[in-house]
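The letters A, B, C and D name the chains in turn, as written, and every chain counts its residues from 1.
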Amino acid sequence: MSPVLAIQGLTVALPAGADRPHALDRVSLDLNAGEILCVVGESGSGKSMTAGAVMRLLPPGVAITGGSVIFEGQDLATADEATMRHLRGARIAMVFQEPMTALNPLRRIGDQIGEMFRIHTALSATEIAARVLDLLAEVHIPEPAQAARAYPHELSGGQRQRAMIAMALALDPKVLIADEPTTALDVTTQAQILHLIKDLQRRKGTAVLFITHDFGVVAEIADRVAVMQHGMVVEEGPAAQVLNAPRHEYTRSLIAAVPPLTARAPRPVSAEPILVMRDVRKTYRTGGFLGRGGRVTHAVRGVTLTLPKGATLGIVGESGSGKSTLARCLVRLIEPEGGSVSLGGLELTGLTRAQMRRQAHRIQMVFQDPYGSLNPRRRAGELVAQGPMIHGTPRAEALRRAKELFELVGLDPASTERFPHEFSGGQRQRIGLARALALEPEVLVADEPVSALDVSVQAQVLRLLAELRERLGLSLVFITHDLRVAAQVCDLVAVMKDGEVVEHGPVARVFEAPEHPYTQALLASVPGRDFARKN
Amino acid sequence: MKAFLRGYLRSPPAMIGLLLLLAIVAMAISADWLFPRDPLALAGRPLQWPQGNPRFPLGTDNSGRDIAAQIFHGARISLLIGVVATAIAILVGIVVGALAGYHGGWVDDALMRLTEAFQTLPNFLLLLVLVAVFGSDLSTVTIAIGAVSWPAPARLTRAEFLTLRNREFVQACRTLGMSDARIIFREILPNALPPIIVYASVVMAVAILLESALAFLRLSDPNVASWGNLIGLGRDVLRVQWYVSAIPGLAILLTVLAVSLVGQGLNDALNPRLRKR
Amino acid sequence: MDPTRRAILLTSAALAGNVLMPQRSFAQQQPQRGGVMTVHFATEQRILNPSLQASTGVYIVGGKIQEPLVDLDAAGRPAPCLAESWESSADGKTITFRLRRGVTWHDGRPFTSTDVQFTAMEMWKKILNYGSALQQFLDAVETPDAQTAVFKYARPMPLNLLLRALPDLGYISPKHVYESGNIRENPTNTAPIGTGPFKFLQYERGQYIIAERNPNYWRENLPYLDRVVWRVVTDRSAAAAQMEAGQILFSPYSSLTIADLQRLGRDPRFDVTTKGNEGNARTNTLEFNFRNPILADLRVRRAIAHAIDVPFFIENFLGDFAKAGTGPIPSVSTDYYPTEPMPQYPFDRRRANALLDEAGHRRGAGGTRFTLRLTPAPWGEDIALWSTYIQQSLQEVGIRVEIVRLDAAGFLRTVYNDWNFDLATGWHQYRNDPAVSTSVWYRSGQPKGAPWTNQWGWQDDEADRIMDAAQTELDPAKRKALYADFVRRVNTELPVWMPIEQIFVSVFNKRLRNYANNPRWASSSWHDLWLAS
Amino acid sequence: MRVLALAGRRLLSSVPTLLLILVGIFLLLQLAPGDAVDALIAQTGGGADAASAAAMRAEMGLDLSVPAQLANYMWRLVRLDLGFSSIYGKPVSTVIFERLPATLLLMLAALSFAFFFGLVLGVLAARRVNGWPDTLISTLGLIFYATPSFWFGLMAIVLFSVHLQWLPAGGFEEIGSGFTGLRRTLDIATHLVLPTLTLGLIFLAIYLRIMRASMLEVLSLDFVRTARAKGLDETRVVVRHVLRNALLPMVTLIGLQAGTMLGGSVVVESVFSLPGLGRLAYESVVQRDLNTLLGIVFVSALLVICVNFVVDLLYARLDPRITP
């Protein structure tokens, strides 16, 4: 059987001055009819570039310099623009990562799906409208008629991605390219979308080129897998073989870095509480003039939790569950409206801002975004030394201490003179950690500290965190959406939904025998959970 | 910094702008040396055409003053007004915008009402009132131009602060226990500054244009050789001796052009993402 | 000038050739009825009624609609208008006017002596600028019959003075329109009702005023024109453009730029002349503030006068329309212009320097002796040029001058009320008789805040005595002698220097006929004006 | 109905701003040298005695204390009475409404001109980014931006009115021509060509620059890639997907520039002797006609608020994410 899409020796050049000469280096891949080929790799591996090259939608300055992309007997690498326009959408369709930005915000969903027909067919307006409703029904959007009239912002993330898929499949393309289609979604939604793609693919026999960074997703959906690194395909084979018996060293290291979903052996947990939250509440009010027409969001409603000394309390939940708001309430970045937070017996919620500033060193925070959490205009050493300096340590002393901390978090002490942008993402997160540790806090609140990192880097940072916790006897509040990470790091875990804690307890208990239906659904949604357990 | 300089120097328009601006600065500096006499002094018969008399390469105006001397000395006035008024506007704008953007709440409300008031009132109208009330000597005019130009930088600063204050590095500073003033001026401001510096070029260009418009209505300081004054004076002889207005108008055009080009060059160099376009 | 442009001008000149005949031939032409007179109107006014406000901006419009008791004839002698004849009692305290019969207001009501009485007592004496000073001692106006108005004065009123003042200050308003309500706020003020040859029709503020022919005008079969349209054009260059385009036929009172006046003067289509404005002479002034001790020193004032080369300024900046002045009474005022030479201050920089040294003002750093603020009035291009020229000239003798630029309100307040100036410059308007608006520039005891009066802090008993005597002197010869003494005195003491004398310049399109045929033509009624086709 | 309620609410929320402006200007003008009576006397040309000046001041209420004058003014304003213009001898509202049409027409014309050509040129430049059309358009934009408007107006008069004699040098219409209907419209249009160009030029430059940047910004967004992946050609990508999105910043700009444009009309109306609000404002400052000036400030602030309101409505129509 000849492949539907045959990529042979495809080379794509980057513009002069980029960190490497080629985005893709002699990439060869075959996509067969009716199969899902997952292209997996870390950021910068060239996996998205492959998709772009096939569609011939490359960023300006990036060009195909060699190889061929054979589709239906034509070489797409050299085809003219008119030919490509006829193929795009009709024969090869694409689904993108972020459905919010991939849809035109100013046009209705139905209109945007219908455009596919208007471009490529001669159907009448009524026929188009009917087909659009059919498509929306096919992707299981509730109330298709309403959704067709809606604007993108009026739909949820999952619905938007369904609409994108409906649009891509409108003309029954032979090939569907899905570029990280579930990365921006919550885990439960992700499971549904993966299911949908697989289902549609089975029914229509479409060949799917699925691009992802997540081995869980690969395990969930792939028929075959191609692993990419530095613009090259390092390993290719059937899913079962690549996942269970990876041949290439890089593939092995990647798979090893994926945390298993099973909890580690429980550590003894102290009975002495260090941080106690009682009935913490926070509401947001938006918009409205003179109190009218405003919307009220209950971000955190009555959370009561206890962090024992030396333990790690994981707070897991999907976006909008209120976990980040709760974290910020703990360090008083957000003033909670009600309830109390007490740290080692000290009522933090009652302090004035000036008093809180003086207590700041006892509870510190690590942030999610390794780019945004460091002031780009300060040297790394200075960033770490800043905290102690505010609390009275002389500058020279603080800077000397910063060097020590750099060593502690596994950075070169000589690099304190450099600026944040000269570090990699993982290194920056280490700087953030060093900054928090510089004040020798009793409690560390970590808000999604590894979510923005590639899986291999993520593993290193998690290891470091575990190590430091042991050495410094830290108590940790660990916010994450990733259940795998939570399973590895936490002693206790609390599951949040809509601002409330629906279930909490020792991590092993919660993960092995979830009581609340939401927790059960959450765990069931983790992609490739069977793969992960085996791992 | 090096990348910034390289980025700047690589852009031809930015270089043209810089050279032009340097030329104007050179004119301002050399004015005393090339035209040691008071540029407002009677130099010869009024309304001599350019090139007509070798003593007056750009001719004389209707008060018998050397236009070339006024153009050179006027460069000083235009640059002086531009720089000082811009400094005033940017300074006030930064303080207002920073306070409003960082603190939010009622501080923001009150300051933005004030800004809104200034923006709702046509700024040239306010300038007219200020000059009518406080007189039209150079310092008054400069301060008045600064006083009507601050709302836009204030809004810009506020917008920058609104995005920056929620950035995690600012939150990190707050969790470290840093004081508000320190966060505003030492942490956020340096990051908010690049777009404001770029905008300063717009303020400066507008300031120069505003002064010339005032002078055109004969409301600027008559005791200094300003380009706008010359245009206003030339209006009386426009139909025949149009060069009296045309020459200083061209000088203003080139100066504003230079300032804008430099501003755009700065913008491109400071925002490398846009430079490729 | 490019060749095509020149060609256009030449053709238009050729086309205009038939009107280029000497003026004498005009008179032989038969006047034609019809046509629209378009007038350049540069200074819009709050009111258009000349019996409430004496200013050229009002006369140019209101003078066609309302009429004075007495007008001036072509030779500048008082001529009957609404009054047919007049006589003065021997003591000069009673002056009787016999009024014209059969005159009606534009609204159809008859014109009678009660209108004269009302206007004189309620408007001239109470509201009209200059009028209130002129009629200060008017006790009553008696109306023995509808055609007789008897003016009763508490002090002798020289008939000559009154007759020369009345063409400007003697406009009559209808009593029946004004008698109820506040005169100042009367809507008729901007829609005047008069007895004149033209009836007010429409006023679009900022754009135009239109008046149309009065079919019931008392001068039989007059006026010739159908309409008069005043076009509001504040920009002087724009006005010149409209003049050239034929959109405006007449621009009065030096309202164009000096450059344009000179240019149009060389254009055969136009007559640029001071003729018809002989009654509207003015002098450029330099006013000294005596509260500044430097300026209180006569030597400094004289040094300043010596330092300025007036003939050079006139030749290079003002051209033909000005000449060197000799004092407060301009040479066009033949009745009062002194025949013997008066003290003058010709340009002499050495003498200026010597006087300044003598006064103890040595040159300091940078050659500067002292600094003065010069506050120029904001009207008139010549004032701006003159103030710049003063600045440039005084610089040469070591006096630094800072020009303080103010708008009209600011100028009046600063100079005449707050006395916050060193030097000021503007215009002194001469109105046919020195007693009308000239002596107030010198008479001490002027109330604070009265503009264009002696606010310099100068007091001279000798000058005051001469002026008081002249004010009530009935014998014309003696009056003239007294005013010669007056000029000698003020030229010696120099509280205000009036070195340039100008007459307003008018620009006429030569299609006009019977223009400039009296000394206050722009202000006059234009009943005999007509347009050649 | 909903729009009316919205407008009412917007107006209500603008009250503090309006008050701030009016009180500020009122107090500021108290510091000015001279008052309306001085200006009136300057107009009459002398000969007024002190007593009649005092009488005039009393009549205009200028002899009262500043707080009393302010209170009087505010009380009148509450009853929507803008007062009486001492210089023009008419109610301020009459004076302003006589002048409003010219300014509105001029602003509308200049705005349309700047918006339309800014849009077209901006799109052209963005489509050929860094090509010669882009370089040409961007350079022209910069030059337009740098040109002092009054100078451009004067030079345009020299060229088009004096030398070529194609267009009138000034004025709003041919006076006393008696034109009506279409002929009059045409007459006014020819009179407004140069003023529109003069006022619109700098805004054209701004709109052009914003439109170009905005186009480039939108062209880099994900949904454009989606559109291309659908097989749309470039023209349709621009027309159907980019343009409307790119218009949003332009629309915002109209609101922000409304005040500036009104300010610019002061100069332009003075160059072309147009009987507009801008020139009236200038005159009333010079004449110390406090009531008229405050009236203009009030009306122009209202105008700016209204423009912004309309812009917000327009924005909400263009962008479904925003509810006004």
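The criterion applied here is as follows: contacts are C-beta pairs under 8 Å (C-beta built on N, C-alpha and C of every residue); 3 or more make two chains touch, one makes a residue touch a chain.
These are the chains along with the protein names UniProt gives them: A = ABC transporter ATP-binding protein; B, D = ABC transporter permease; C = ABC transporter substrate-binding protein.
All of these numbers come straight from a predicted model, not from anything done at the bench.
Here B-D and A-B were compared by C-beta pairs in contact; the pair with more is B-D.
Chain centres were defined as the mean of their Cα atoms; on that basis the chain farthest from chain D (ABC transporter permease) turns out to be A.
Chain centroids computed from C-alpha atoms place D closest to the centre of all protein C-alpha atoms shown.
Inter-chain spacing, taken between the CA centroids of chain A and chain C, is 86 Å.
Separation between the centroids of chain B (ABC transporter permease) and chain D (ABC transporter permease), computed from CA atoms only, is 22 Å. Centres computed as Cα averages put chain A at a distance of 46 Å from chain B (ABC transporter permease).
Look at where the CA atoms of chain B (ABC transporter permease) average out and do the same for chain C: the two points lie 44 Å apart.
For chain C, residues that reach two or more other chains under the stated contact definition are 237, 241, 406-407, 410. Among all residues of chain A, none touch two or more other chains. Contact with two or more other chains is made by residues 32, 157, 162, 270, 285-286 of chain D (ABC transporter permease). By the touch criterion given at the top, residues 9, 13, 221-223, 225-233, 236, 240-241, 244-245, 318-321 of chain D (ABC transporter permease) touch chain A in their complex.
For chain A in complex with chain B (ABC transporter permease), the residues that touch the partner chain are 60-61, 328, 331, 333, 356-361, 363-365, 367-369, 372-377, 386-387, 390-391, 432, 435-436, 439. Looking at the complex, you find that chain B (ABC transporter permease) touches chain D (ABC transporter permease) at residues 13, 113-114, 116-117, 119-130, 132-134, 205, 209, 212-213, 216-217, 228, 231, 235, 238-239, 242, 245-246, 249, 252-257, 260-261, 264, 274, 277.
Residue ranges on chain D (ABC transporter permease) touching chain B (ABC transporter permease), taken from their complex, read 14, 16-18, 20-21, 24-25, 28-29, 31-32, 129-130, 139, 142-143, 145-151, 154-155, 157-158, 162, 213, 216, 256, 259-264, 266-267, 270, 281-282, 285-286, 293, 296-297, 300-301, 304-305.
If you check the complex, the residues on chain C that touch chain B (ABC transporter permease) are 236-237, 240-241, 257-260, 263, 316-317, 378, 381, 384-385, 388-389, 391-393, 395, 402-407, 410.
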